[in-house]
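Next, two complexes with chain A in common: one pairs it with chain B, the other with chain C.
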Partner chain A sequence: MSMKLGKWKPGKIALLATVAVSYLFLYLPVVHIGLASFARNSNFPYPPKWSLDIMARLFSNSLYQTALGNSLIIGIFAALLSTALAGLATIGLMRHAGRRAPLYLALFIAPLFVAEVLLGISSLIFNGLFLGLQGNMISAILANTVHCFSYALLIIATQLYRYDWRLDDAAMVFGASPARTFFEVTLPLIWPGLLGAFIVTFIMAFNNLEISFYLLGATPTLPSAAWGALRYGVKPELYALATCVNLIVFALLAIMFVLMRTGLLTFGHRPERERSAV
Partner chain B sequence: MKPRVAPAIFLGIPTVFLVGLFVLPLLSMLVLSVWRTENYHIIRDFSFHNYEVLATEGAYITFLVRSLVMASAVSLICTLLAWPIAYGITLYGGRYKLLFSLAFAVPFLTGEVLRIIALQGLLGPLGLLNGVLLSLGAAPLRVIMYTNVASAIGLVYLYLPIVVTVIYLSLLNFDQRLIDAATIFGASPARAFFEVTWPLNLFGTLIGFALCFIPCLSATLAPRFLGGPNGTLYGMAMAQQFGESGTWALGAAMGVVLFAVSVLLVVGVARLIDLRRTGFTGFGRG
Partner chain C sequence: MAYIHLDGVSKQYGSVWAVDRVNMAIEKHEFVSLLGPSGSGKTTLLRIIAGLERPTTGRVLIDGEDVTELPPHKRGVAMVFQEFLLFPHRTVYENLAFPLRMLKLPKGEIEARVEWVVGILALRGLEKRYPNQLSGGQQQRVALGRGLVGRPKVLLLDEPLANLDRELRQEMEVEIRKHQTDLGIPFIYVTHNQEEALSMSDRIAVVRGGRIEDFASRTDIYDRPKTAFIAQFVGRSNRFTGTAATAGGTISLSGDGVRIETATRPGIADGERVAAYVKNEKVRLRPASAGGAGAANTLAATVRYVILRGAYAEYVLGWSGGELVASRPRSEAEFTEGAEVVACWDAADVDLFPAPEDGR
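Let's look at the complex of A and B:
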């Protein structure tokens, strides 16, 4: 760490100012509605007159309760499936694909380059027209899994990139079966990447509107309930809903961050290439 | 010969999954786009009628042009903003780099609807901006909300995080000692940037650009709630075909158009880039 203090060049000031302004731009609305949802004067809560009325109204609304349940189911199952599939795919790409790796990689990350609404609509057409399926949770989970799969693949790949496959070979040389090698050598070393992928894909599927909406018919999810309410104007309850979800997302990522800082979880960049700032 | 079971499991299962639930749906969209819908019924006869409608009716051309302009402008703004942000974080983030970059990824995860609600809190008629203006005694601003500018601000707000994250990751994998080497050999900071840093991170930058452009092109939510009467975008018009109007076949054709533009962009980016020149070393260690 060789931060040379007292070297405030104009370039550095401009860079840091841009960073600061963009954080402000991103977080101002979030903080604003956060304050608004805990205040009686919710239109302009400066200074806020604290109250839990809006939160209480949100939690007594039964539509949001059903919607929360559905969103949780979609989130958990889509995250589980996409993490498992992406784990398989990453190991396959690195160990078994050989010269065909670029081909498989192109297929595996293709969903990144297709807009969510197109995924939703095309799955709706496929299910409704060609399979004769009505809107249902399973279709919604599977379609979300397609979208989350590519993100999970990228997250797991950053972790597995550093993995030393000779460890597996060593275990097998000493007579461990492939399954035993996986559960006793590979998995204990790569679980942080899998956990990271699970958390991120869970949040993504939980909050998804454009894929789930087309595949669910009348079944509400949290985003679709919020979307329905938004058509009749912004109400303080929606601020409260957004704030609750924001708080949960922050909490999950804070847990991930603490784990990473304390060294319980290591992933991302390779230490030998990490270099301190100029 | 030993049967090759492992590749079938590790590569086969994800491939079957994606072909069944990603490729086949896209193909079925293509098939539907050459059929017709009449009175909410789908008539299965082959014709390019839908595409003719899209190519001749003024409204659809306007929507497409508006979407293309909007997506290009927003992606350009995002990329231009994301570079100094990502660069600033890598240079001056020190041991808090990770925290700073995570803080940028967080908003991306909270979902479009909730973020649009947050934006309404900022820009809306009763939002923060107008609240501040009112409390200062000024007249509320009616110009921003429900215009294409509001849509653009909204889309920048929605997709800036992903562009920053992608460019940040690219910079993180970039060996900064190369800049030191360039400066030692007498390059000015500007020259070192344009001849070393920029070309070596061009791949990441273009991926960031594409990952912003593609969802912006098909944006349905932001224009609906932030854009005004003149703010209809292609994706929004497409979503309406599946909702109120019930003309699925036309909507499918619009989906194909959007998909085709996205593919063209990705192919263009791929052709523009010489991977080895950007320092890409392949995937995995083999």
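Let's look at the complex of A and C:
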């Protein structure tokens, strides 16, 4: 760890300072809310007087419990649906679309460019007017799936791009039916990519406010409950809520990171050295 | 009835015929090579036999059964790929057991067969490794083992040695041929490497532009090329072009200070543009002082370079018409660079064809 003084050139110092300031700017609010939600003096927790009061208040509030349940349901089902559909769509694009692949791809990722507010409103109007559907959990899941699908497609496509489809040829020549080939060879090699898409789309749908807001009306989700609560002033429960959501997201990302670092999973990323022979 | 039949097989991609009306009959104990330059359609033809491509027209028959409409997993064939394509998430043992599991063999039988293939391919001790922990040669052996373990009706090999270095390649050539003879199943071997085709095959099909240029024994392909393309593509030859003149049972072409003479053959008319090929090893050398430079099939030349190839030496000669290469055994008298020599060959060693239109 001996560092020579000569290494500290002005340029390097400026770079490190810029990086440090950038990270502080990004993460100080998160840290502040985190401290506040575990402190009795939540308005200005410096130094914090540790307490679990606010957390306890959050978890005893039935509104937030219902909201958490709804958000989890929307997150899990929207993520499952969009990951499955995007996986199939990617395989179709790569294997069977031929020259029209760019057109299909453009159509698949178009929802990315539609504001989620508009998606929510137009889904509400369309479902009500033409399908006679009330806004409910199912239509919220479906509407979330629309934009989650586009993200999942991009995530899965960048990772399946590295998959060698000739492995499927090899499996079939050695006697595996198309379905068997998928479960024996394709899926074991691409499922980390699918899991990555699932986690990201889960976080997106879980955190989504706009779509749920229009399609669910009075049914609370965590973001809509938080937004609703805001109108009556920032209450300490909101700190606790934000911290909980941040912890869930952080935990998921940490799991992905650890799995990648230990080489247990690659999420589609395969270092060059692994591919060449030792 | 031959064991494998290709009956008017064609494959069209867009407006291009990658495979064009191919007819072949392959016997059960044969080692057949499909030899051709890259893009000639030989791999497409192999993939059609495997069922990985559907022919646009024509039929494929294996062991008397029309398999044209059968998907690959129902054909009972196996394949060795150029890129090996071992399953990266499976160990060597699991890769070798894969075809057997698909055949739903009992566990004991699977173990016995994998054991057998591990033995004949010298893979012992590697069973628990993953493909990325193997050298190129070891991966190749596993790929070959996976091809043999299920005792397929036919083993298809798509340039399996192209990614190996020369020494390993020559070792594997011997080994592949040995396994083919031992197992008595047909091997169809795609390569652009004439040495590989010549070293292992019973018969060679020379593929060009999606068509079979000739399908004959390896000695016929090498010694008696049927077309100018084969004469140029198989073996190393010297090429002369000129106008044919027929007279009394011989045909000759003159130009650049050499007169080439050989027996007349059908299909070549008087006054036609022709190309003559003489294989490098058919060119003999003697010192210029020995004389006789004016005779037919003889030319005076100067040694420009000598390339040592171990058992034989390649002499690159300069003469009035350009360059000429002669391969001679090292046991013969050697010439040094700059030596004046007379090069000659037998009339019977001249292969003569109408000159291709493209003037090559």
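By our rule, the second predicted complex is superposed on the first by the 248 of 278 C-alpha atoms of A that agree within 3 Å, B and C clash if a C-alpha of one lies under 4 Å from a C-alpha of the other, contacts with A are read in each partner's own complex, and residues count from 1 in each chain.
To be clear about the criterion, a residue touches a chain if its C-beta (ideal position, glycine included) is under 8 Å from a C-beta of that chain, and two chains touch if they have at least 3 such contacts.
Keep in mind that what you see is a predicted model, and the values were worked out from it rather than measured.
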Touching partner for A:80 - first (chain B), second (chain C), both, neither: neither
First (chain B), second (chain C), both or neither touched by A:55: neither
Which of chain B and chain C A:189 touches, first, second, both or neither: second
First, second, both or neither for A:149, with chain B first and chain C second: first
First, second, both or neither for A:259, with chain B first and chain C second: neither
Partner chain in contact with A:175 - chain B first, chain C second, else both or neither: second
More chain A residues in contact - chain B or chain C: B
First, second, both or neither for A:137, with chain B first and chain C second: neither
Contacts of A:166 with chain B and chain C, given as first, second, both or neither: second
Overlap of the chain B and chain C footprints on chain A, listed as residue numbers: 178, 275-278
Chain A-touching residues of chain B, taken from the complex the two chains share: 6-7, 9-11, 13-15, 17-18, 21-22, 24-26, 28-29, 32, 42, 81, 84-85, 87-95, 98-100, 102-107, 109-122, 124, 126-128, 131, 134-135, 157, 160-161, 164, 172-173, 175-177, 189, 210-211, 214-215, 217-218, 220-221, 225, 235, 238-239, 242, 248, 251-252, 255, 258-259, 262-263, 266, 283-286
Chain A-facing residues of chain C, complex: 50-52, 71-73, 77-79, 81, 83, 85, 87-89, 98-99, 102-103, 132-136, 138-139, 146, 150, 156
Complex contacts: residues of chain A adjacent to chain B: 1, 3, 11-12, 14-16, 18-19, 22-23, 25-30, 32-33, 36, 43-44, 46, 85-86, 88-89, 91-97, 101-102, 104-105, 107-108, 110-119, 121-127, 129-130, 142-143, 145-146, 149, 157, 160-161, 165, 178, 200, 203-204, 206-210, 214, 223, 226-227, 230, 234, 238-239, 241-242, 245-246, 249-250, 253, 256-257, 260-261, 268-269, 273, 275-278
Sites on chain A touched by chain C in the complex: 164, 166-167, 169-178, 180, 184-185, 188-189, 274-278
